[in-house]
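Just below sit the structures, each encoded as structure tokens.
First chain A sits with chain B, and in the next complex the same chain sits with chain C.
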Partner chain A sequence: MSTQAVGMRGGRWAAFQRQLQDRPSLVLVGVLLFLVLLIGIARPGTIGGTWVANTILFAAPLGIVAAGQTLVMLTAGIDLSVAAVMTAAAYVAASQSYFGSIRAVILALAVGLVVGLLNGLGVAIFRVQPLIMTLGTGLVISGSLLVYSLQVSHQGPPAVPDIVRYVGSGKLLGSIPVSALLWGAIAVIVIIGLRQTGFGRLVYAVGDNPTAVRLAGVRGWLVLLVTYVLCGFFSAVAGLVLVGAINAADLSLGDVYLLPSVAAVVIGGTSIYGGNGGYAGSLVGALILSVLSSLFTLLDAPDPLKQILYGAIVVLLAAVYVRTAGDTG
Partner chain B sequence: MTAGLLAVACGGSAAPATGTKKYVVGVSNTLTGNGFREEMICSIKAQAKASGIVSKVVVANRTTDPSGQIADVRNLISAGVNVIVMNPSDRSALDAVIKQATDKGIVVVTVDQGVTSTTAYQLYNNQVKYAQLGADWLFKQLGSKGNVVEMRGINGVSADADRHQGFLATLAKYPNIKVVKETFTNWSLDPAAQQIKDILGSGLKVDGIWTSGIDSTVVDQYVTAKKPFVPVVGADNNAFIGQLANLKSQGLAGAAVTNPATVGGAGLALGLDVLQGKTEPHLVNLDPIIWDNQSSTGLTELQNHYDTKLDAYYGVSFQVAPWTTYTKADLIACADV
Partner chain C sequence: MSAAATAGRPPGGPRFGRLLRRNAWTLGTYALFVAVMIFTISIHPDYGPFEVQSLVVGALPLAFAAVAQTCVVLGGGIDLSIGAMMAVANVLAARYMLGHDFQTALLISVAVLFGGTLAGALNGLIALRTKVPDIVVTLAMSFVWGGVALLILPKPGGGAPDKFGELASGSLFTPWIPNGILLLVGVVALVWIPLRFRGLGLALYAIGSDRTAAFRRGVRVGPTRVFSDALGGFLAACGGLALLMSTGIGSPLAGTIYTLSGVSAIVLGGVSLAGGRGGVTGPIVAAFVLTLVPADLILSGTDPNLGQVIQGVLIVLVVMAGGLAPLLRRRAPRTTDETGVAAA
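Moving on to the complex of A and B:
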């Protein structure tokens, strides 16, 4: 009797595990809900419609930059210039708003496209290691931005353009963040693009087996180039959403997003070796990191303890994910 | 021009009185992309130009740690500079390299933060007093009772530790003021905005906020959330000064405490004085000033210092009396000598 019960439990557990292996994002959603529950316990009355809206609003920049990072990491690359691009796009938009919102937004997005193109050329054509290439361009942008801030920008009052402010912190019908809709649209395009289009399949293929891709006659360099340009573009969009939410730009606004952009993707189950994963996981990963930082703000604990817990939880999440979803690497 | 004549007149001790002798200035900074630090370097360049006795400013500016700064200072010594203005990345780790420089007759001035070295000249804002001035104003504004949030800087940095010490010392005098939340903004805008968003959303009763300088971002989140303002204390940052002046009619009460980024230029002025044989104290502690928007004198200061053309977090203490002599235009232009 008892052995049978154990066997049944084991059977159910195995079925549950299979279910999780098929839908690894479920584990992450479970973790997310658990963290939300913890906030509900720590500060009763916090969780509600406004809280959900504000949490998504503040997670949107991370979610959008993680879209670009996911694409790059699927090709077995990494983009360490995303934070510098976010900062530059935000700063350019604020300093150029004097000349009109449209010009400010176009120039900000152009920064992302140009940097993405440079990264893509370096990685795809000149075969520079992505880590080194993007680290280098990140430093180049930061230095250029400093020169820009000293020499160019003080032609008129710096201000975040109204359209950017609306996208970053506005709410439709009084409750739905505009940035959430933008993030949602990007998510749909990236998820469907990766699953349903030829380009999407090639992104996975380039990351999984670049030699086979080359032998199959596919222009792998073009896939890489487009991927890095997209990542630059998404980073610039994330920078605009961020500066819209914060309402001021400085020379290090986006810096805090560099490691979280990678962490969200890794927690979301995309392999750093490429070819495996997807954006749905990164999206939940971004939400988890945002909720986690909210939890730590509301928790009354010494700062060093919070840092230790934050690091430990990120490691634990990655480990649990591999255990339940099978080895994604 | 007068400064140039002064150099000739006083040139006897440190510099030969050739009349054309110009000094070379070295600058060491270990945090890039930070508005405060960039303005600090600009103030050094502006003061170098204004002094008329500096031929060149050599800047070692990168994000690094004490060991990197030691290497940078050695390079400045090799480059033959006469005076080094540095923002020290550690209280004691740089003492040895400072001594190497001063042994060679180079005048070393540390600004913004202190060092334990006895041969360096030091010029920095009194950070304990910075916190005390703001906290005292805030607690009085609240009628000596209520819930406050303390938004600190970076955990483990000396300026943050000094300010926290000052904050606690003032807090001890107000038994009915309760600190309901203590956060570290890391002096970055995004974490501060997220913390305020979380605190506002948590239903925690907050009557006032003391910030270690990430100020206008806090006010902005109140505007976005359409919540009634509570009194806010911040620093002399351009956007915050503007908010205090312009949002007073909408119920914003607040005060800005000065923490001049232009200590760099003041440090250079001190160093050049020493090079020319003047006797200066080894420790100059700047006394912060508070401008609140509830008093007419404070409001006038806020209105006078606000400059719509400057960035949100540009420090508006453009001069450090009696040291700096440059023009505001030269400070903002940040041009080389």
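Moving on to the complex of A and C:
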């Protein structure tokens, strides 16, 4: 049947197009390779083992926060508090390192879990629109963080705990970034979890058709709640990895990650209307965005211009994806 | 189950009761404003024209941002680039008005407003042509406009003739009614009243509440969407100019907070983010509430840094209360958003 269809459309080009439509991720990998090629042309000799390791190192926080954003967007939601959670987790870890690394990390992760729980309660039980709920919690978190930072500032400047620094910027065997391993582990868990477990299928189901889920007797609110808690948790982890890589905490550390976290997921082919997509695409999306910003850095463009190009390319990539994958909305 | 469904429907009571119920949220916003105002006067007994004036000047940019967002959201969209467009309008005006007289400043304002309209229409066109969800398009465009603002004016600077600032802070009739409030009412009336009583306004509400039904009814969905986005751009440019009137200088980063606080204001003002429901007075009053609350906090001696926390808590509590009301009234098998999904 498929041969007949190809025969009818005729030509290899049509077959290739169909192939692309069936596997839009091929387009993504193509875009990624194209960008790497551009860097290779712009600055010959940069591409190598070290470059790859560093790119992955800088992509890791984005990739991890995109994992949470993917889960939420699969349920037809959006989490605008991820950037605030990243900043808060990073700052809490840095300011609490005085009392021991383990305690600092646990507190930082707790920030993510609590915010995720709040978001989940609002969205799942009170039926607040995800956009406005996460916007509100984001405001609360960054405001509370400001007050908190003024209170702890007399304890001395925040110092990033050693363990966080190791996870964020350390390298195993001299070349493999530890954060890449962490990212890889999270990626494997999320991808397999979404594909193979009942919870994963429920995440898709809740995003696709909440009415059907309720009629099937599933506690959809519980699925939503867990999804938002996971998103908060991943955001906190991403914040820790980020502060470990940068080795300095401030109150606007995670802000720049809000658009990329949404963009990586959208470029990666997860529909913002829920029920469609997956983490593998977001992963490539995060890599594309990181390579893109390293390309801008190499080209030494002024910051405002970088920002303009970045925004324009995000729209362009999303448009290309929607076009090749057909109408997802 | 069917009994529950009929019980969930509002009974056709007397007209006044229906009016009250339909506008309960907006009336609640007014009540909140009155309560906050009473509180303000109680902690600040010599509340006078100067305070009214500074409140209006402070709230003006947010009020415009809220009305801009209202126009877009009523049409079923959302615009996360409003703050960035405000920043562009702000720095553009500040850069070119510096050292010119009032007439030139007005001419520049007209040009800026025109540019804002085009920028808003561009958002709508991109979302329409590429079929990328508007939340993604406008989020990305907020980056683009943010960059443009930085290109125009890398650091806060520029300026405007004093008379331009008096458009907001001066008072034409009595010191109790600053020009800013007249300006706000004037601009909004100019945009809103023709819209409200024309087919276009109806089309805007129609595509916001059910796009498929509107399309089948013969509403030109695409142009109406672009129109609502263009209107949002126009009002965002108004907000940028208002920002210049209130601060006196241009700042490339000052606009950004207005995206999120604008969304807060419309939610507080009773506009449904799902589209098609709400008015324009609620968000304006909400903008004044959101400006008054942090000012009150400083006056009453609370840590002013808590302002953002209070604002966030206020939004979350208000929307949670909004979600709780139908939940308590009836654990109905069908809430409005689900029927919407089922119909689509």
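Structural remarks
The rule we apply is simple: the second predicted complex is superposed on the first by the 304 of 329 C-alpha atoms of A that agree within 3 Å, B and C clash if a C-alpha of one lies under 4 Å from a C-alpha of the other, contacts with A are read in each partner's own complex, and residues count from 1 in each chain.
Methods note: a residue touches a chain if its C-beta (ideal position, glycine included) is under 8 Å from a C-beta of that chain, and two chains touch if they have at least 3 such contacts.
Keep in mind it's a predicted model, so treat the numbers as computed, not measured.
Overlay on chain A: chain B and chain C clash in the combined arrangement. Of the two partner chains placed by superposition, A:Phe199 touches none, neither chain B nor chain C. Once the two complexes are laid over each other on the shared chain, residue contacts for A:Leu135 go to chain C alone; chain B is not touched. Of the two partner chains placed by the overlay, chain B and chain C both lie in contact with A:Leu146. Of the two partner chains placed by the overlay, chain B and chain C both lie in contact with A:Asp303.
When the shared chain is aligned, no partner comes close enough to touch A:Trp221: not chain B, not chain C.
Once the two complexes are laid over each other on the shared chain, residue contacts for A:Thr46 go to chain B alone; chain C is not touched. One listed stretch of chain B collides with chain C once both complexes sit on chain A; from 152-160, 170-178, 188-196 or 314-322, that stretch is 152-160.
Comparing the two interfaces of chain A, the one with chain B and the one with chain C have residues 142, 146, 150, 303-304 in common.
Every residue of chain B that touches chain A in the complex is listed here, in rising order: 32-35, 38, 42, 155, 181, 183-184, 186, 188-191, 193-195, 197-199, 201-204, 216-217, 220, 224, 239, 308-313, 332, 334.
For chain A in complex with chain B, the touching residues are 43, 45-46, 50-51, 54, 58, 87, 142, 145-146, 149-150, 153-154, 156-158, 169, 242, 245-257, 290, 293-294, 297-298, 300, 303-304.
Those residues of chain A whose C-beta lies close enough to touch chain C in the complex are 78, 118, 122, 126-129, 131-133, 135-144, 146-147, 150, 209-211, 259, 262-263, 266, 272-273, 303-308, 310-312, 314-315, 318-319, 322-323, 327, 329.
By the touch rule above, chain C contacts chain A in their complex via residues 78, 126, 130-133, 135-137, 139-144, 146-151, 154, 260, 263-264, 267, 273-274, 303, 305-313, 315-316, 319-320, 322-324, 327, 335, 337-338, 341-342.
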